[in-house]
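Structure in structure tokens, see below.
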Amino acid sequence: MDMNALTNLPVFLWLIWLPLLWSPVVYLIGRLARRRMATDTAVARWVALIAILSTWLPFAWTWQAFKASGPLSYTLGTITLRLDGLSLLLATAVLALSTLVVIYSNTYMHGELGESKYYAMLVAISGVMVGLGCAADLFNLWLWFEAMAITSYLLVAFYRDQAASLEAGIKYLVQSAVGSVFVLMGIALVLAQTGTLDIVQIQAAAAGQSDSWVLLAAGGLFIVGFGVKIAIVPMHTWLPDAHSQAPSGISAMLSGVVIEAGLIALLRALAPLAGTTTTWGILLIIFGVSNMVVGNLLALRQQQVKRLLAFSSIAHVGYMLIGLGIAIYFGEAAGAEGSFFHLLSHTMMKGLAFLSAGALLYVMHTARGEHDPLLIADLAGASQKYPLVALVFSIALLGLGGLPPLVGFMSKWQILVAGFETRSLMMVGIIAFVALNSVLSLAYYAPMVNAVYRKRPSTAVLSGQPVPAMMNIPLVLLAAAILIVGFWPSLVNGVVQPAGTALMAAFGG
Amino acid sequence: MYLNLVLMIAAALCALQALRTKQLLASALWLACTSGIVAGWLYALGAHEVAVIELSVGAGLVTVLFVFGITIAGEDALGLRPLVPWALAGSLALALIGLVGWFILPVAEASTAVTEPTFSTTLWDQRGLDMLVQIGLIFAGVLGILGILAEKETAEEQAIANYKARQTTLIIPQTQAYPLELPSDTPIKESHV
Amino acid sequence: MSAWFIILTIGLSWLGAVCVWLAGDNRPRAQHALAVCFSLAAGAAALALIPNTADKAVISLDAGSVFGLFTFVADGLGVFLAVVATVIGSLAVIFSVEYMRGEAQLGRYYALVLLFIGSMAGLVLTGSLFLMFVFWEMTALCSYALISFYNDDPKAVRGGIKALIITQFGGIGLLAGTLAAYVYLGDYQINTLLAKAQTLPGGVLSFIAFAFLFAAMAKSAQVPFHTWLPDAMEAPTPVSALIHAATMVNAGVYLLARFYPAFAEVAGWKTAVLLIGLITALLAALTAVVATDLKRVLAYSTVSQLGYMVYAIGVGGVFASQFHLFSHAVFKALLFLGAGAVIHATGTRDMRQMGGLRKQMPVVSVVFIIGAAALAGLPILNGFWSKELILEGGLENGPIWAYGGMVLGAGITAYYTLRMVSLVFFGQPQGKKQVHDAGSPMKTALIPLAFGTLTTWLLVGLFGSWLQATLPYHELHTMTIGEMLLRIASEPATWLALGVIALGIAAWLLRGRLAGLAPALSGFGRAAANGFGAETLNRGAVALTQRAAAALQVTQTGQLNWNVLGIMAALVVVLLVLAGAA
Amino acid sequence: MTTEFTIIAGGVLCLLGVGLYGLLTVRNLFQVIIALQILVKGAIIALVAAGKISGQINLGQSLAVTVIVADTIVAVIGLALAVQVKRLTGSLDVKNLATLRR
């Protein structure tokens, strides 16, 4: 590969390679600095910040190029990477959230054993997820997916001296691995049936075999295989453990973008098989409903804040699945747009919820060297000592509950509109059920908000430490985004609409 | 054809044995056996290169790692009553493969032969991107193992111990400044006035 | 011009909320002052809208995608309710200066009150169904947060969450109706729905009509959704006066009145509305008879009066219902604030521990009795005129049995009102505390309301012609003051109603003789306390949900083997579904 | 040819079935990882056979190599986790590894 070819690479590739190249640099510099000085000056956190900030540069260029000429693509050998609306959506969410998480971790993770590894993985996983969003070859997609899993195992089981953390890591690993084998089986079936792995070519080949049972089986395997990572009920059982045991920044990443990356991987894999049956959409709707029921009911009984938030993620995946189901089954583009809007708003809200809960966990337990979970009872009176964290936490929770004028309401609304647009009586019933679930979810969000504003503080609050200043930055930014996009939802149209268009194109034509 | 049948039965039996045996070391060796048979099977299919890799990695490297792990960790929890009842586990597994089999069997005849580039061209040129991603994968894997398993990293440990010590000294005056016990429950005002 | 006043009405309230919050809880004086200033300014802006009403949208912003045009209309109905919200809102804020003095977390209190005032004004001024739903939910949110304001008290927390869940549950009706209208009409404009209602497929129109009715029932605390309102009385009393008496609970009635022209022809709709109003008015009034908590008596009376308004719409009396809404907002705010002054002074809400306060709190007792007389429907107070208008409309256009029920309700109202007044202000003092009359901020709020209770009925002609001029789709039976006087004085129905009210009063005065009835009524008292079964229904639903959740928790075994079983079972199910469909 | 590939598919399904059955019944963490490895063997054969069916056995081989690498990494991380669990809790039993539930 000569220099000319290197400079001619499409700019979006740097969005993928740059973090991946930075990752070993972050690790090595972090290690060396620590060896040399034997103090607690962890350089890795600053290098990671530079790394993630530098990725915004190719992002801006990519954005411009996409606006100017639509989807970008790059082919090496027989494998194509294509950046379309869907990839751009994921890239936006991933980059934004990982930047904030790096800033957040600056104090949260400071002084932990293996800090440089943490940052190396965090930087790597953001590149990997962008790559996942761009993969246009079925096997390559799986490989990115596997890479995402492998980079996240360490992050989940980061507290290696905590049995609970290891337990969560093992469940996550085994269940992901089972899912990944199912996906491989599906890929083998598709390859055997169509003779190709390129998504566009598969679609062309599958179009002629609308009654192929082999392709049906492949689609089923994809749904279940990727479904493990998306936490579709009943493959969700690992999620509450992993999300509650991981460091809070990672919980935010897992809930905010990793689940969503899995969802986009599923859509990519399922799209070329769209012609074989219309049942895909129905399956997504069925799973969406079961996700909402299970997620909400289980969240209702939780006493640990992070575990509760994890269950609420399961419920929120349900909304996205229903929107996508509407889009796929009824051909209703509004469903896809609503779903992608909800994906973005869930990234913001759940990101904020985990980060602010994490901030409280940090000041009440972690900073004191304890590993107790944050209980709802611990929240009592937090507003008196931590007014800012209490406010943003409440904003996140009320947004998740779907109260206007926060962004969660707007995105849910769009999904509901799509449901009514189908003018199908069954769908209207389902939408009413969705709305009912939204109301039910208030039964566990509202008590937390109440607890935060109690006048009599809990012991944990009384003995808590002050919130580090760096931690406030991502909290304030996310809260502002939730409010601003809530008041002005068309702000995100630039990301959401191309994604919707891309999905409809992938499934429709 | 009969070779395939034999290999298939042998592989499945070895695999089953690996999961049923009551000795961890034996279990790892049965896995190596399975791997060896699978390698032979791959060879018989005409996949000569991958057969070699399977033999060296699957039967060789992985077994060594298993044995290594087993010697560190020791035997434990073997042959206990399973958490999912045997009957349920067996019938669900059978139902699953039965269903998948119903969907995909019989497998159709091979399509017309395509002239295909050599293995190395396919691997390094056509699937070059996969190779690139794999580098990242290996890096992440190594880091992951280090992160989970690394023995005490003396310099780092020391630094952290220092850091934690200083943090604790920061905490102590604070915990004393705030009363840890809640003030005795003063009744809330009867009505909210 | 009116566009700016609308922006000011909503914007000033919200800006005030932010400012009070930013002022911080360690500067309570600044918080009180800021809250009063901003609420008064918003009230002034709303009043300035009165001469600037119009029947067309004066603000229109394109929000894009599925959110439609954000429009605001300054028509009579909207402006009237916005004025009620902001003016009574500012009086409640002034009252709070004394009532909330020394309380912790004033910032949260005032911010939520101001946020509520702005949202309520937005709810009635907007011309877009989508925005209406947004504001609808925002008022519910503020209401919830203020009910739970004293959130160290589990009762307050429970009450708040109950209110939130029930009104949100009703909100699903508004949501479904709005979405159906959007899908079939192509936009969210209220005027589009009113203009094109008859072009909708019949089933769709009925769906929208009943969905909106469902929403209105939950918001306006109609049976069987009324149980949240009495429990909402854990809120600070100025909040009860503002949100749970004068403004938010009227939103349901407003919704029905606003869309009456579209839904009047829907088969069964008017009958349903009428029935709900009748049942609510009667049951709530009966419950008020046995309640002993002063604020709960007022809450039940609110439910009952809302029943009157709903009934009025059911018999086609949109104007009468709005006129009663107006009167009720004024006298009920007066009653609540008066009750607040009493509770503030005595430190209890139990009427059995009050008594004899007439001498100790002369000003409060005078204004409270004025308000109570209006509630009882005694001439010539505002409640009398508007209630008579409703009853006469009911006699003319509704079934006679419903009319009979409503007149009976008027008698019961008189009975419990008198009971309340005499328990609180007459008889022997029961409390041990030394009680003082209200201070000047409280009086500043009470006296204008008392004055309004005496005089607002004089505005009937103005109010009517104003509504008629700006509501193109409504057929209103408005009248001038002279017509009203003549009509009410000449109708025999008036005298009948007054007779029943007199009977109610007599029943209280002769209660000693009627004591024999007490055991017979005790079972009824229990049923009333239970909200006539609605409370059991609530508890049943909660228990069922909790039990389902507990049962579901078993599936989260935490054991790896079972987790993998979940994945396998999912694959089996997916393949079975696919096989079934293929 | 049909029968050959049908037999291979049957073999893949057998490995899949055995692996999944193992995941449901074994309680030792090492054996859990072994069960995962058995599943992966099935996937490798499936990919190679799929390549052969479509006349591109070298493609199938390339995919299989990648899968071997990736899943070996997963297995090793799993082993590392298991060893660490044993160090920390003194047990490899899945049943003792179920503190996070409900």
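In order of appearance the chains are A, B, C and D, and numbering begins at 1 in each one.
Assume a residue touches a chain if its C-beta (ideal position, glycine included) is under 8 Å from a C-beta of that chain, and two chains touch if they have at least 3 such contacts.
If you're wondering where the values come from, they're calculated on a predicted model, not measured in any experiment.
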Most central chain, judged by mean C-alpha position against the global CA mean: A
Between chain C and chain D, centroid-to-centroid distance (C-alpha), Å: 63
Distance between chain centroids, defined by C-alpha means - chain B, chain C (Å): 60
Chain A-chain D separation of Cα centroids, rounded to whole Å: 26
Between chain C and chain A, distance of the C-alpha-averaged centres to the nearest whole Å: 42
Where chain A touches two or more other chains, by residue: 139, 143, 146, 150, 153-154, 157, 160, 169-170, 174, 178, 185, 189, 192, 195, 213, 216-217, 220-221, 240-241, 298, 301, 456
Residues of chain C whose C-beta touches two or more other chains: 152, 553, 556-562, 564-565, 568-569, 571, 575, 578-579
Residues of chain B whose C-beta touches two or more other chains: 82-84, 88-89, 92-93, 96, 100, 103-104, 107, 111, 114, 126-127, 130, 134, 137, 140-141, 144, 148
Graph class of chain-chain contacts, one of line, ring, star, complete, other: complete
Chain D - residues contacting chain C, complex: 20, 23-27, 32, 94-95, 97-102
Touching residues (chain side chain C, partner chain B) in the complex: 99, 149-150, 152-153, 156, 234-237, 343-344, 347-349, 559, 561-562, 565, 568-569, 571-572, 575-576, 578-579
Residues on chain C engaged by chain A in the complex (per definition of touch): 63-67, 104-105, 108, 130, 133-135, 137-138, 141, 144-145, 148, 151-152, 157, 160-161, 164-165, 168-169, 171-172, 175-176, 179-180, 182-183, 545-546, 548-550, 552-553, 555-558, 560, 562-564, 566-567, 569-571, 574-575, 577-579, 581-582
For the chain A and chain B complex, residues of the former touching the latter: 20, 23-24, 27, 34-35, 37-40, 76-79, 81, 111-114, 117-118, 120-121, 124, 127-128, 131, 137, 139-140, 143-144, 146-147, 150-151, 153-154, 157-158, 160, 169, 185, 189, 192, 195, 213-214, 216-217, 220-221, 367-369, 456, 459, 462-463, 465
Residue ranges of chain D in contact with chain A within the complex: 12, 16, 19-20, 23, 29, 32, 36, 39-40, 42-43, 46-47, 49-51, 53-56, 59-60, 63, 66-67, 70-71, 73-74, 77-78, 81-82, 84-85, 88-89, 97-100, 102
